[in-house]
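Pasting the structures here.
Both complexes shown next keep subunit A, but they swap its partner, so subunit B is in the first and subunit C is in the second.
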Partner chain A sequence: MNRKIILAGALILLLTVIVLMGWDLFFGSQGNQENPYAYDLKSLKPGDTLQVMYEETQQILPGFSVIHGIATDKSGQIYIAGDNGVEVLDSTGKRLARFALEETGRCIATGSNGLIYIGIQDHIEVYSKAGKRLNKWKSPGDITIITSVAVSGDHVFVADAGNKIVYHYLSDGQLLKQIGQKDPEKGIPGFVIPSPYFDLGIGKKGELWVVNPGRHTFEQYDQDGEMITSWGKATMAMEGFCGCCNPSHFAILSDGSFVTSEKGIERIKVYRQNGDFACVVATPDMFTEGTTGLDLAVDSRDRILVLDPDKNQIRIFTEKKKN
Partner chain B sequence: MKKNAVLLILILVLTIQLLNVYGVQRFPKPEFESGYVQPDTLQPDTRAELLAIMDIVVLTVALAVISWLVLKKRSRIGVFCTSVLSLVYFGFYREGCVCSIGAIQNITLAMFDENYVIPLTVIAFFVIPLIFTLFFGRTFCAGVCPFGAIQDLVSYKPQKLGTRLNAVLGLIPYLYLGLSILYAATGTDFIICRYDPFVGIFRFDASFGMFLFAGILLVSGIFIARPYCRFLCPYGVLLNFISRFSWRHMTITPAACIKCRLCEDSCPYDAIDMPVPGKNPEDRAITLRKLILICLLVPFFVLLGGYSTSRLHETLAGVNGKVHLAKSLLEPTTNNGQPETFEITAFKSSGKPVSQVFSEASAVIRQFYIGSWILGCFIGLVFGIILARQLIIAYQADYTPNKGTCFSCMRCVDYCPVTPEEVKS
Partner chain C sequence: METPENDPKINRRKFIANGARASVLIGIGGLAALVAKKTIAGQTVWQLDPAKCIQCGRCATNCVLTPSAVKCVHVYAMCGYCDLCGGYFKPETKTLTTGAENQLCPTNAIKRKFVEDPFFEYTIDEPLCIGCGKCVKGCGAFGNGSLQLQIRHNICVRCNQCSIARSCPADAFSRVPANQPYLLKESGQEENNNKK
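Up next, the complex of A and B:
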């Protein structure tokens, strides 16, 4: 390359630095009105609208002032745990039943036997559909915070965010074992739970899936507590998870795909069975900034039910092509 | 081959810096307690007295060694090796602080603020290189200053800039020196430290801006040798001045110059003065006219510089925190819906009366008025002298290093065919 051009380029670089120094000294700090330490996620929130494959088709207003957990059963009925009670709705949102609880339920699941399992702070309570309490299980630990419960046949799995462990129970409340304890020899990394968002669910073939939110991964376990596989990608991009602990909740579609919800950047997405990103259900602009606890459920028609605690609604999303 | 290896190592070192440049925010904050107790913010301990003395000893020894290598051994390799060791010790081990360049500000502040206690190390780092320069020329720049050393390592394809460009760009260090003294004297800021390009690299914690600044200097330094030393370094201004009176200075040839012209293009810093034949001396009348012109021009530039800069004293004072706060208080608190600045928020919570801020700010502005007159006169004087030097023809017979601008790097020595052995024989 011509020496003169190189020299001119180097000179321009040098002069640019000197001019920038002068500008920064005299004008740099004066125009800066922004807080450099501001907690601002706006730049991370815009999503690609072309990836949105779902649309919001219905909202249901529960009869609670605060809502925490949602579940569905095979018949399509919807169960909502709210302040000191549970509501049972049909698939259109019509209220079928309501019963009171002594304490507020934080998470809820239904069994094939028609029983309702409710996680209440540090223990599980079992109710009939009619609202009769059938059992109250003993709290498994001193600092237990139950954040999720899932039922697979006679087996009940409970996520304890306080102790960072999953408990495997029989449906009568008998504790069989703990799952997910750190064991390098077995390749179990241990759960990293920085906040009380620790979800689990049952897959298409009855397998147990647990979110490891601090690692941004999903982990699959068999009923003996052995880890089978895991997937997940920590990234700021749409196809992965980011923040201190995400995804915060998930549900599983009939084809085995995962529906996930996140906090920080409030969004709902779908991942295929193998963990590949599939599409977006709802973008951050559809939620109030700062919303947490977007619990999810999927009904028998593969509609995605999103519990929005901020708007106090159950928001139903349906795949666009199905309309 | 050796140059390529050095360049490769430098690129690798700079690449490591990138690890610090990019950080990702974790959000939202975790809600669980992990049992971790946030430690109190601690001020770093001052350097142990023994180590501080060791620094002074190392500086003195390094200067003695480099002066011996330059003046007695005439060894370019020796100078290069010393500069690498200095880069490791004063740069990466001592993390670039205290440095002689920044010490200008401490000395200035100590002169203007009686409450400021200046450490002995700072005085030593300021004075010792100046003393060595007075005796042996700019040997400090040759291989003891870590700033010079790091730039010298990347000076891979240096190009000549030409006399005029060198003269124009050479004004910048005078301005930088004047500004740094003005801001230090008024207790405003240590701008040399604020815009220290290499300290972030030495400490492996450069912010993106600092990294960019250092990166640009080093990249341009591949083609323009030592850009910081030549066109920014305020300490270089003092060394330049003192070196002109140095007792002994390195020479290109160990004996009489044979005018072979081999060294003519050897200096990457354009610091070799070419022979000017004195066969046809200027007419006396022309010399007299030039002298009168200089006598008129220099005071004119001094006054013009002083007056022009004094008009900018409020802009210059705007950098001062008190003046900036007073200006912010005078402006509407919510400017176009923007939230109030942190300075105003902090001031409101301090409980100080607004009148106190304004009186303090006006006192600072008065200081800047006087300071800007002095700064402007100084710049005008420098400009006038540089212009006058263009009018004066200094006759000389040999190729000689310019005692002011020569860094004593010894590159030119290797080009000289006259060897010390020949001189002895």
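Up next, the complex of A and C:
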């Protein structure tokens, strides 16, 4: 009798062990296994902050599958460079015109003369609003990667991330000078461009501002290409620029304040003219993690236009108190 | 008197026979080499795809080896040689020095060397690397993604069923041809296929 009980008990025990092993093998805790080496990036990306002074008021869906560059003009029209073309929209997002390019434009700017300047890998193309190509010139250098164009009167400034230099042209393509070329004898350290994000823009008084992303600074240059001043600091905190090389893009508001976008921690912020942090436009939780290439523009009403390549949208942000 | 050994006719026969033997041997050798080459080409090894990797840490904990056969590989062609390297430094590091308190790597497996202002070179000390992927995550988020995890085949013991692959939540592991055993992102692909 005892022997039978012992055998039955042993059998039950054996079956229990087999069931537990099978459960562990097929439904074990591997799915919920904690990572002892976790690097929590989300803690670096706070979404809830009182510093947000803008709200998203509109989204525009461009007619491109991929979008790269955005610009506005004084009348409030919006220009978008996408796959092998350019779209012109009015301030409400209604399409006014569209024309094709032979290659994809990576950056775009408008001049006061109504012309459209497009940076395409190693050259600049100039178009009328009707889409007629008026001029084209190749940028010097062996490994040219044009990442930004800005126009001030008859002067065109082009940022070349490949050669880590800014070219100053006349509007007909005549090269006037090179700005920021590394020259240890003159004490020019050169731009530090670890990745192909190198933006420039024209300030309130027509001055040239260039991002030196590897140093996390904005640099202002005079007409002779000499650096006048700089500001900016590296930090993950909201008041600075994160990662190896930021900001990736910027635009300038009518009062001379800077709107900046970053990669790594996807956020849009405003800095005053003197470089002091002013407020947040968009927090990281508003973007898909890993989004890069958040090009910016400001329109005639100081609305901030964010080109979101991941969502394939132009997202418009308006200051809260102005609503 | 001529002996059979000295007979030129016999020598010619010998020569032809030797030639035939040599031809057969060369043929067999060539065939064996061809078969061996095809066999190696048909073999596969485990590798993880950095494009799918989510740096969950299981490469460090689930390999049958300690430390893991998965190591960080640095694709120099993609590196920005940044001073503030997101794969090397902890976030909000106050001073960019090599102090242990500043380093993201839990085992001090990344070496930082000054090149010229403001550039630094980062190299992986493989025996120290445990394949946790912290640096990979930091580099991918804040840099160019030049730090990537790979199974190092000089360490891997080639389990039939890789225990990391079985637990990988991103399904990043697959078998790849043994003659092209590395899967690296973008510009590093060619550079690292040449690794043994």
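Just so we're on the same page, the second predicted complex is superposed on the first by the 275 of 323 C-alpha atoms of A that agree within 3 Å, B and C clash if a C-alpha of one lies under 4 Å from a C-alpha of the other, contacts with A are read in each partner's own complex, and residues count from 1 in each chain.
Operating definition for what follows: a contact is a pair of C-beta atoms (placed from the backbone, for glycine too) under 8 Å apart; a residue touches a chain by one contact, two chains touch by 3 or more.
Owing to the predicted nature of the structure, the values given are computational and were not obtained by experimental measurement.
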On subunit A, which partner touches more residues: subunit B or subunit C?
B
According to the stated criteria, A:G264 is in contact with first (subunit B), second (subunit C), both, or neither; which is it?
both
Thinking of the overlay built on chain A, is A:A100 touched by subunit B (first), by subunit C (second), by both, or by neither?
neither
With the two complexes superposed on chain A, say which partner A:S195 touches: subunit B (first), subunit C (second), both, or neither.
both
In the overlaid three-chain picture, which partner chain does A:C245 touch, first (subunit B) or second (subunit C), both, or neither?
both
Please indicate which partner A:L7 is in contact with in the superposed arrangement: first for subunit B, second for subunit C, both, or neither.
first
Quick one: is A:I18 in contact with subunit B, with subunit C, with both, or with neither? Answer first, second, both or neither.
first
Which holds for A:M236: it touches subunit B only (first), subunit C only (second), both, or neither?
both
Applying the touch criterion given at the start, work out whether A:R215 contacts subunit B, subunit C, both or neither, answering first, second, both or neither.
second
Contact-wise, after the overlay, does A:L50 reach subunit B, subunit C, both or neither (first, second, both, neither)?
neither
From the superposed pair, tell me which subunit A residues show up as contacts to subunit B and also as contacts to subunit C.
30, 33, 35, 39, 41, 194-195, 236, 242-245, 264
In the complex formed with subunit A, which residues of subunit C make contact?
55-58, 60-61, 80-86, 91-92, 104, 106, 117-119, 132-134, 137-138, 141-144, 167, 169
Touching subunit A in the complex: which residues of subunit B?
24-32, 34, 157, 159, 161, 165, 172, 179, 191, 194-195, 213, 216-217, 219-220, 222-224, 227, 231-232, 315-316, 318-319, 324, 327, 335, 338-339, 341-342
Subunit B partner contacts - residues on subunit A that touch it in the complex:
3, 6-7, 9-11, 13-14, 16-18, 20-21, 24-26, 29-30, 33, 35, 39, 41, 161, 193-196, 236, 242-245, 263-264, 292
Subunit A to subunit C touching residues, read off their complex:
30-31, 33, 35-39, 41, 44, 189, 192, 194-195, 214-216, 234-237, 242-245, 264, 290
